[in-house]
Structure formats: C-alpha cells, structure tokens
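These are the structures, in structure tokens.
Two complexes come next, and they have one chain in common, chain A, joined by chain B in the first and chain C in the second.
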Partner chain A sequence: MKALSQKRRHPLAAIALLLLGLLVTGGLYAVATTVNQAKASTTSFSSSDVEEGGKLFAANCATCHGMGASGSKDAPSLVGVGAAAVDFQVGTGRMPMQMNGPQAYQKPAQFNDEQTHQLAAYVASLGAGPAIPEESLLDEKGDAAAGGELFRTNCAMCHNAAAAGGALTRGKFAPALAGVSGKHIYEAMVSGPQNMPVFSDANVSPEGKRDIITFLKQIETNGSPGGADLGALGPVSEGLFVWIAGLGVIIAFTIWLTSRTS
Partner chain B sequence: MSAASTAEAPAFVAKTKTGRITDFVDQRVGGSGILREFGRKVFPDHWSFMFGEVALYSFVILLLSGTFLTFFFDPSMAETHYDGSYLPLKNVEMSVAYSSSLNISFDVRGGLFMRQVHHWAALLFVASIGVHMLRVFFTGAFRKPREMNWVVGGVLLILAMAAGFTGYSLPDDLLSGNGLRIIDGVIKAIPVVGTYISFFLFGGEFPGTAIIGRLYMLHILLVPALILLMIVLHLFMVVVHKHTQYPGPGRNDGNVVGYPLGPVYAAKAGGFFFIVFGVLALMAGFFTINPIWNYGPYDPSPVSAGTQPDWYIGFVDGALRLMPGVIGDFHFEYIIFGHVLTLNVLLPALVPAGIIFTVLFMYPWIERWITKDDREHHVLDRPRNAPTRTAIGVAGFTWYCVMWAAAGSDLIATHFHVSLNDVTYWLRTLFFIGPVIAFTVTKRVALALQRKDREIALHGRETGRIVRLPHGEFIEVHAPLDEYKHYKLVGFESPVPLPAVPNDHGIVTRKEKRRAWLSRWFFEDRVAPATPAELEAAHGHHAQPAVEAREESKSLSH
Partner chain C sequence: MGNHSDGSPNHSGTVATAGQNEVEKFQDPGIPPHRLRLADTDPKAAKRAERQVALLFGASVVGTLIFLVAYFAIDLGDDSSIATIRLQNALLGVGTAFAMLGIGTGIVHWAKALMPDHEVSEERHAVRIEEDRVAAVRIVDDIVEETGIKRRPLIRNTLLGAVALAPLPALAVFGDLGPRPDNTLSHTMWAPQEGKLKRLTRDPDGTPIKASDVTLGSAFHVIPEGLNELHEGKLNEKAKAVVLLMRLDPSSLNPSKGREDWSYNGIVAYSKICTHVGCPVALYEQQTHHLLCPCHQSTFDLTNECKVIFGPASRPLPQLPIAVDDEGYLVATSDFKEPVGPSYWERDEHERSINS
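And then the complex of A and B:
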C-alpha cells in the first residue's frame, strides 16, 4: 500500500489511471450490451407478470407517467401503447429517461429481461396495442433486396441509406441502426418511439418489416467491401479524410523532398 | 573518321548503335537543344511549391484510372434487373449505368480499387488545386507578370469542379441522383429560361433517360480536353515567367535560386509522381469512397439523410442550406407575369459562388489598381508582410469555410449532440460576421508578427538566459541572428499609401479619390522593416549595459 502511495505522483500514474478507467467502463459496457441483446423468447404474459410489472411501474415509472399509466403534464399516457413500445423503450435503456430533452438517448438498460417483460405485461394489460413480434418475423431470412427498397423509400431520409443515422430538427436525431437487435427494430417500426413515425402493418406489412430487418442485418454483416467505411457518412467524411489524411501525408512528403536544402 | 563524311557533314559519329539511333533522331527533331534549354531551367526548392505538381499528377492518375473504368462502364439509362454478386441488390430494378458501376465494383477484377483510386484522385485533384491557389494568393505570386496565369488557374479550378460533378453523377445511384435533382432545382430557379434549360439538359422532365449519357460525354471528352489545354497553357506560362522564389539573401527579381530541372528536379518530380500515386493507391486500398452499393439505384422518391455533394461543391450546397425559406412574414418567392421567381434557391446557389469567383479572377487587377504597382515580381511576399492582402484572403477563405461547414450541418448536429437549428443559426451569423472577424484578427496577427520580426531583427533572439549584472540589474541575454535569418526579417518592401494624384488635365477624378482611399485602407497600418540606421542604434543601445559589465558583455555578444 505504501509503494502505491509513493508512486501516486509518478508521471505515468495519470495514464495508468486513465487506462484503468477506460478498461472498467469498457468492460461494464460490454457486459451491459450483451445483457441488452438477450431476447425474450415468449410473448405470453401471466397474471403474476402483470402484477409484478404493476409494482415495478409504480416504483419506477409512475412519477412521470402517473399511477395507472394515465399520463401527466410531463409524460404521455401509456394506455394502449402496447407491449412492443415498453419492450423497446425499456429494453434499449431509453426509459426510464435520463433527463428531459429533445429525445431520449439509448443507454444501458436499467431493468433485466424479466423485469422488462413484467413491465411490458403490465402496460399491455391496460389496453390493446402492438405486441412484441414473434420470432418468425425476426429470423433475418426475408428478402434483403426488397427490404432495401422499402428501407430506402421509408427509412433512409432520416436514418441514412446506409443506416448510419441522421439529424432532425432541434436536437432530435435518427440513430444509427448498426447493432440494434431485430426485435427492437421491429418494435420501433410498430410503436414509433421518440420522433419516429409509426409504420403500421397497413403501411409496411409484417413480411416487409422482416425484409427490412434482413436487409439491415445483411449490410451489417457484409461490412464494407471497399475498406474502412469512414462512418458510412458519405462525402463529408470522405472530404475530411482527403484534406486531413490525404493532403497531410502528401505535405509530409513534399517537406521531406525539399528538406535537403534551404 | 569515315570516308562518307564531307566538309559540311557533322564530324561526329556515335560509337554504339543506340548512340547512332539517338543521333539520327536528334538531327531530325532537335531534341538535344530543347533538352539543353529545358534541362537547365532552374526551380527553387520549397515544399509549398509542390501542390501544383500534386494536382498535375492527380490528373494523370485520373486519366489512367478513368480509362480503365470506361472499358467497363455503360452510361445507358435503360432499365435492367441487377444480376451481379452483391446480394442486397439482387433483382432490384435499376439503370444499366448503375448496374455496370456495381459490376465494376464487385465483378471486374480490380474494378473497385480502380473506382476508388479514381474518386480519391478526383478529391485530391481539386484539393491540391485549392491549396496551390491559396499558396499563390498569400505569397503574392499572382502579381505581374503572372496575372493571366492566375486566371488560367482559376479556370482550371472551375473545370476540375465540373469534371468532378459530371463524374459524381455517372453511377446513377441514389446519392448522385439526389445531387442532380438539386442542380435541376437550381437550373429551374433561373428566371424565365430555367425550365427550358432543364428540359433541354435532361431531354424532358427530370430525370429522363438522356442525362447520364450526356454527362458521360462531357466527363470523358470535353472537360478533360479543356483541362489538358489549360494545363498546357499554365505550364507554358510557368516556363516563360520562370518560377517565383521566397525572399532570401542573393535572391532578387532578376534571378532564380534553386536546382536545375535536369537531373535534380526531373528525378524529384518523377519520384514524386509515384509517391502521389502510392498515397492514392493506399487510400483506395484501405478506405472506401462513394460506396454506391449502400445508396441503391436512383429513384426520384427516396432522399437519404446525409446527402451531400463531394467536398468541392459543398460550399454551394451549404449556401442553399443556410438560406431561410421565409424571414418572419417576408418571403422570397414571387410570381411575375406568370413566371415564378424563387430567390431562396437562386440567391444562395448563384450569388456566393459568383462573388467568390469574380473576386478571385479580378483580384490581381484590383490590387494592381489600388497599389499602382506595375513592376514585375519574382520574389514572393511572406504573408505577414502584406497584412491587408493576407487578411482579405483569410476573410474570403473563412466565408467559404462557413458555407462549406453548412453543407455538413446535419453531421455537425448529430456528432456534437447539438441542435441542427442552432448550427444553422450560428452559421448564418458567421456567414455575415465571420469574414469581418477573420479580416480584423488576421490583419492584427500579421502586424503583430511583423513587429515581432522587427523586434528580433533589432535586438536578436531571446535566449531565455537571465543574467544578473554586478549592480543588481537583471537582463535577458539576446543572441544575434545569423545573416540569412536576419535578411528575411529586414529585406522586404513596405509600401506606403499613395495619395490621390491629378490626371493629365490636372483633375483629381472621383475614381482616383476612391483608389486613394483604398490605398490608405490597404497600406496605412504598416510596420516598416528595420533600417540599417535603426539596427545601428539598437546595437549602440545594447552596448550600454555591456560597458558596465565588461565580463558579461562577451557572452552577451552585442
């Protein structure tokens, strides 16, 4: 212990501390995200689920959403939003909301799968709404090309053609879709979270949604055939790259070539 | 000596066969004379003189990689169903142009690499032209006799942008189609004739079935031919004018200090071509550019978030994004005699670009008029020694950068977690006050640097050594500069404002008064270089403490 306290002013101490901090945060994040990806296998709710969910709701959500999820001036009523909305919002960590703002950010989920399931059961019991999708719609075995066309027509204007995300007005944004589970993508489409519109089954059929998920998962696993994708953000990142890296390297060479004389 | 030689015939006969062939050719084309003349051309050595070369080499690489691409690209807009190896687009309906671009990317050996070399080279081409022009501007290399070459350079910049834009549109993917749609909108905003021009260009209503083929012809024939012509003119004038050089001892407007083209620069330039090629090849090998497969085929209904043009068109896109649709109740759209006048498209699309290029082309003449400087200049200015010009340049560059940044406003918003609206409001503000701030700050910085130079020239370099003299005074030891550095700090021109002078009729015209006013604005804030008398005085001043502390004075050394 004495050795440690003596070394605390060592020039490398700050770096070591920083590395340690990064390692811990990264490790926790990795654990948290794997927890996130675990999928609920069943969509049937038992009465005990509803009861437990009600308790969780009263303890964690009712402050804003009101007792009985009837809403308040701070948050909307949740009657009729369905299990899909709860599973998405709580499952991706957006709810409970960190703070009021233009949009809830994704963060490590606060509830585990069972609790999320119970909360969903409770909210679903309040009124009919979109349910958590069945596994058959999430098997990623749809038609990727058809999904791509649907995606470009319905989603790309906000989420970008390569699903890299995009800006909306006044601090709102459409997030990048890489790493989002098929279930959450589906639930987002049927429930319209945050600033996203609802894509009902009449608008995009369940098979269409399955195709979209297939497309998104396929481009995600395909990676970038042409090398590092620079964020898949299009000409802005390409322009930045050519000015900073391309010209930077060229300038380094010009300095080298003319350095022998002066 | 062979028997065939006569008194008139050259006495020289080469020993080897190669030598005889060379001699044969030389006698008929006079190559050795050209080589002797050209090979002795002297070029000064400085890294900032090499951006023009980078542009030239990028262009050569563009020709090489572009030729490869033409072997496989089909500019037809006929409909087809994709049948290549990229699965997420299998059987999707698309144009033959897009399908063949995808085939180049996925089914032609080395095709994707060549496409990426071509596109990266295009970005580097325009970027190096831009940096080259900045170098020429800030060092005053556009002054007599190089004004016309400056204009040729400006034309090259516009042609490079045209080449880039026509090429950007060829793959007929969603991104390029969105870009074309914006151009179509701008064309249609031109009063009265706009809609007609759009219909002629696209062969009917946008997008039609003709535009890709037409752009292809422009892209591979007309624009490169014009660029080549301009490059020839540009280089011809460089040879005629000789290269400029930075100020230094022994350098003046009558000489060029440097190395001859042959062999030193021929080797350096030849090697540098392969360096540029290598850098581009590495970029193309490791970093993807314009992943057209992400965007899908063009279809007028979808618009992707993050749709931007390539960087060199970005400032026009940015200006369009900055333009408000309405300000309060004031709107920008009028219907005059049945014709729609949409100023909120027309103004941002044409006015900033118009101002930038007009000022760019006119600047050598503007400065020449203000300063009445009709002498030839082959020695460059250090930017700080022309504070007003440098400030004008930075102000213009700032204005450009504000519009440039606006083209990425959505990405600034998402990546820095700020509101898109706030980004737009700030950039709108900077659009107006940014150049003013940049002008003031740059001019003050340039003047401050001049003062620092003057200080160093007069009193030497601060060494950081603090010495206490016997009577208790502390002084910092200043070391004198070597002569080369010293020359740089004192050997520059510092013109004074030229008052208005009457013309032949003895009248001071209003124009002349304006010129005099501008001349005062241009030159009134000036830091004159240290004169020999001042240098002498400064050294005398420093001798004072040295007399009192004779021991120290040796190490103080002035």
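And then the complex of A and C:
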C-alpha cells in the first residue's frame, strides 16, 4: 500500500487511471451488448411479444406516432409499415428520433434485440406489411456480379457507385453502406425508410436483393483494388489530396532544386 | 542624416548628402564572392556526396527490380483475389517511383554537390544595331524590285486570287464532319411501332412492369420494351429513352390541362435525362417528392410536373404519357411530347414539329 501511495503523485498516474476507467467501461459495455445479442430469437412473433411490444410502444413511441400507432401531425401512422420497418428504424437507432430535423440519424440502438423484436411484433400485428427477411436471403452467397448491376441501376445514384453515400437536398443524405448488416440493408429496400424509395419484391426480387447484399459485402471485404480510395467520394477528396500532397511535393522539389548545397 | 523634408526621391537617407542636389547613380554591386561548398574543400565530404549519389542510383536499380519482380512473379490468374491485384499495383507503383526518382534526384544531387559551381555571367547583346536594320530593309526592297510585283499587276492579281480560293477545299471537307443530327434527338424508342404501344420494362433485365407492382413510394428504373434486343446503337437509344417511374398519392399530383390522363393511379413516368446538361436525374426523395440531379443539384418537384425548384436547369423534365394495357402492364401511349435532355440548336423547331 505504501508503494501505491507513494506513486499516486507520479505524472503518469492520471493517464493510467483514465485508461483503466475507459477499459472497465468498455468491457462492461461489450459484455452487456453480447448479453443482448444472446437473447435474439427468430422472426416468429408470439402473443406475449405483441403484448410486451404494445407496452413498449405506448411508453416510448406513442408520444409522436399516437396511441395505436395511428399517427399524429408530428409523425406518420405505422399501420401496415410491417415488422421490417420497425426492425430497421429501431435496430439502427434511428428511432426513437433524437430530435426533429431533415433526417433521423443512425445512433446506438436504444432498445435491445428482444425489445426491438417485441416492438416489431406489435406494429406487425396492426396491419400487414413487409416482414423481417429470412436468414436464407441474408447468407451473402448470391451472385455478386448480378447484384452489382442491380446496385448500379437502382441504388448507386444516391448511395454512390462504391456505396460511400452521398448528399441529397436540404440537409438530407443517403448514408454509406459499409458496416450495415445485410438484414438492415434488406429491410431498408423493402420498407423505404424516410426519403428512400421502396424497392418492393415486384421491383427487385428477393433473390435480387440477396445478390445486392452479396455485392455490397464483397466490395466491403475486398477493399479498393487501386489502393487508398480516399473515401471513394470522387473529385472532392481526390482533388483536395492532389492539391495539397501533389503540389506540396512539387513545391518541395523546386525549393530543393534551387537551393545551394552547403 | 539626409534631409527628407523636400520630398525629393533622389536623396538617400543613409548617405550624408544634405544640402547637395547631386543625383546618385546606382552602383553595380557585381557578382557576390564565390562561396566554396563543403565538398570543394573537404575530400571526405566529396567522398560522402559521391556515395550518396551512388546510393540514389542504386535505389533506382532496386526500384526497377521491384517492378520486374512484381510484374513477372505475381501471378494474376483467373482466380486471383483483389488483394493480389492490389499488392501488384502497389509494387508496380513503388517500383516505378523509385526507378524514376532515384535517377532524377541522383543527377540533381550530383550536379549540386560535386559538379563545378562557378558563377558565369553572360553580357546581353546590344539591342539594335543600325547597320543590321538598314541591311534588312535593303533585302526586302531588293525582293520587291527583283520580283517586279509592282510593275506586273497581272501576276500580282492572279496570285491573290489563287491564295484566296485555296482554302475552299477545306470547307468542303469540314462539311463531311456531319451529318447533322437532324431529328434523331427529338424522338425516342417510346414512339408506338405499327400501332403497338411500347411497354415499360425494368432496367436492366427488360421484364415488363404491371401497374399493380408499383407500390406507393416505389421508384422503378425503366427502359422501353425491345431495347435489350437492339444490336446496334443500344446505348444511344438508352441514353435518350431512360425513364424513372414513381407512384405517389394521386391527390398530391397537380396535372395541368391536357395532361390529366398522362398518369395512372398516381403512377408517373419522367425522363431521367436532366434538361441542364444531360446527367441522369434519379435521386428520388419519396417523402418530399423531389428529384435531384447529382451533377449540379438541379431539383425538380414531382408534384408539379417536375418544375425546376432549384439549380441551373431551365426546363421541367419531360413527362412520358402512360396507361395500362389489357393485361395490366404499363405502356407508353406516345413518345415524349418534347425533345428530352439538354438544349440544342434546333430544339425549339423540333418541339414545334412534335406538337403540330
């Protein structure tokens, strides 16, 4: 103990304490999230799920979406949006919305997987809508080439040909798709969250969606064949890089060429 | 100190010239004394610079070898992964950079550190020598005199005529750069063929779209029926005919007179080619019903017949009149009623002929 009390005034003590605190918090958080994941279950809904979901909905969502999810002037009705929409919006943390604005942002999910499942069960019970996709459509074993063609036709104009995302009008944007789970990508396509159009099964077939997810996961794991992609944002980031780094090197060489040797 | 109170620029403050009005001339300071480099005086330093230059040339050799090894040793077979391609690309780039920069920097360092660096000044020539000028004028005069161009107007005039006519063949050749596009820009594949209305089909697979497939909030990327069967000029036809199909709540549409029957149950079809410079306008926001062009941010309001609400585009996107056939598939009842895409010289003329 004596040694510890002597060392507590050491200049590095504060840093060590901070690191320890961060590690403990992070570790606890990781444990908590894996506990939640373990509780995840299949897409079948029991009547108790619906009942529990109704309670969660009344407590957390009804302020804006209204009792019975019938909508209000602040938020749309959720009758018939389906379990897919709930699983996407709540599962990616977009709902409950942090504040009003052009677009709901992705943030750490407020509900664990079981609660999300119960909310989805409740909303699905209000009216038929797109369901949570089956595992077989999310196995990332479709045709990546076909998926790439579908992606470039239907998705690339907003989400960027390399799925790096892009700006829309008045503060809205299409997010980057790297790191988004296959399930959430599928649900976004069938439900059309916020300003994204709906890509129903009649437009892009379930197999086509599987191909698109396969393609996205493939480009995510493969990376850019040409080296650093600078965010795959096109002329803005590339131009900035060339102006700063490229011109910088040229200026450095000119200075060296004209300087005297010692 | 000099007296500055008279405002004269000819007085220098540093030289005591107060009271005198002499103009001081700027003295040529000459070349500064030569400063010897380290390598000029110290043989060790010279030896070191020599080694550095050799090292840079050696780096170039290594770079070339890296390039060759990367090119021949890394096998890019059919089953090679992106990681292999990336590795080869990186090594080829690094190898080339070392090979070129090694030689370049080596030569520069050699010249700067070891080659003689004595200053040389070269005197400027006198700007004009009067005798040369007179001689040149005399040569021109001689030419005019000896050709006799002043005395023989027949020769002068025929020469002028020949030179004036000579460029005419070039004009004829430039004419062959055409033909002018004529009316190919003003009509698309959507025009009914032999009375048969063209179906709206999905891009890229070309399957027809049923009106019931288009759910509220949907956006379909559409090509005309038969486009995929074209063998020649497919991309040119596609570039004119691509359409975006969307379904809105019918009550949110505000069709103008004569365009009420161009949509079907809230399903509308608009040309995807921006009227500004022809980028594909396909960024559809299903809640605000805005269509955004990604190139210059022209924004079109779908609820008001794609009126321009922001950006440099000057005309709304052309609407494709659609209906449903006996089997429930969406069809185009006619071609676009105006030329699609950006402006061109004959556009107004073409628009008048379409609508007459």
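Keep in mind that, in the parts below, the second predicted complex is superposed on the first by the 213 of 262 C-alpha atoms of A that agree within 3 Å, B and C clash if a C-alpha of one lies under 4 Å from a C-alpha of the other, contacts with A are read in each partner's own complex, and residues count from 1 in each chain.
Operating definition for what follows: contacts are C-beta pairs under 8 Å (C-beta built on N, C-alpha and C of every residue); 3 or more make two chains touch, one makes a residue touch a chain.
Predicted, not measured: the structure shown is a model, and the values here were computed from it.
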Open item on the list: Please determine, from the superposition on chain A, whether chain B and chain C clash or fit.
Closed with: clash
TODO: Give one of first, second, both or neither to describe whether A:Asn195 is in contact with chain B, with chain C, with both, or with none.
DONE: second
- [ ] Could you look at A:Thr169 and tell me whether it touches chain B, chain C, both or neither (first, second, both, neither)?
- [x] both
Open item on the list: By the touch definition at the top of the document, which applies to A:Asn203: first (chain B), second (chain C), both, or neither?
Closed with: second
Open item on the list: After the superposition on A, what does A:Cys158 contact: first (chain B), second (chain C), both or neither?
Closed with: both
- [ ] With the two complexes superposed on chain A, say which partner A:Gly223 touches: chain B (first), chain C (second), both, or neither.
- [x] second
TODO: Determine where on chain A the residues touched by chain B overlap those touched by chain C, and list them.
DONE: 149, 153, 157-158, 166, 168-170, 174, 222, 224-227, 257, 261-262
Task: Residues of chain C that touch chain A when the two form their complex - done: 35, 37-39, 81-83, 85-86, 89-90, 93, 108, 112-113, 117, 202-204, 209-210, 212-221, 246, 280, 282-288, 290, 292, 294, 297, 299, 310
Task: chain C partner contacts - residues on chain A that touch it in the complex - done: 149-150, 153-154, 157-158, 166, 168-170, 172, 174, 192, 194-200, 202-203, 222-227, 256-257, 260-262
Task: chain B contact footprint on chain A (complex, rising order) - done: 102, 144-145, 147-149, 152-153, 156-162, 164-171, 173-174, 215, 218-219, 222, 224-230, 232-239, 241-243, 245-247, 249-251, 253-255, 257-259, 261-262
- [ ] Note which residues of chain B are touching chain A in the complex, please.
- [x] 45-51, 54, 87-92, 105-106, 112, 116, 120, 123-124, 127-128, 131, 174-175, 259, 268, 271-272, 275-276, 279-280, 283-291, 293-296, 299, 301-311, 314, 407-411, 413-414, 417-422
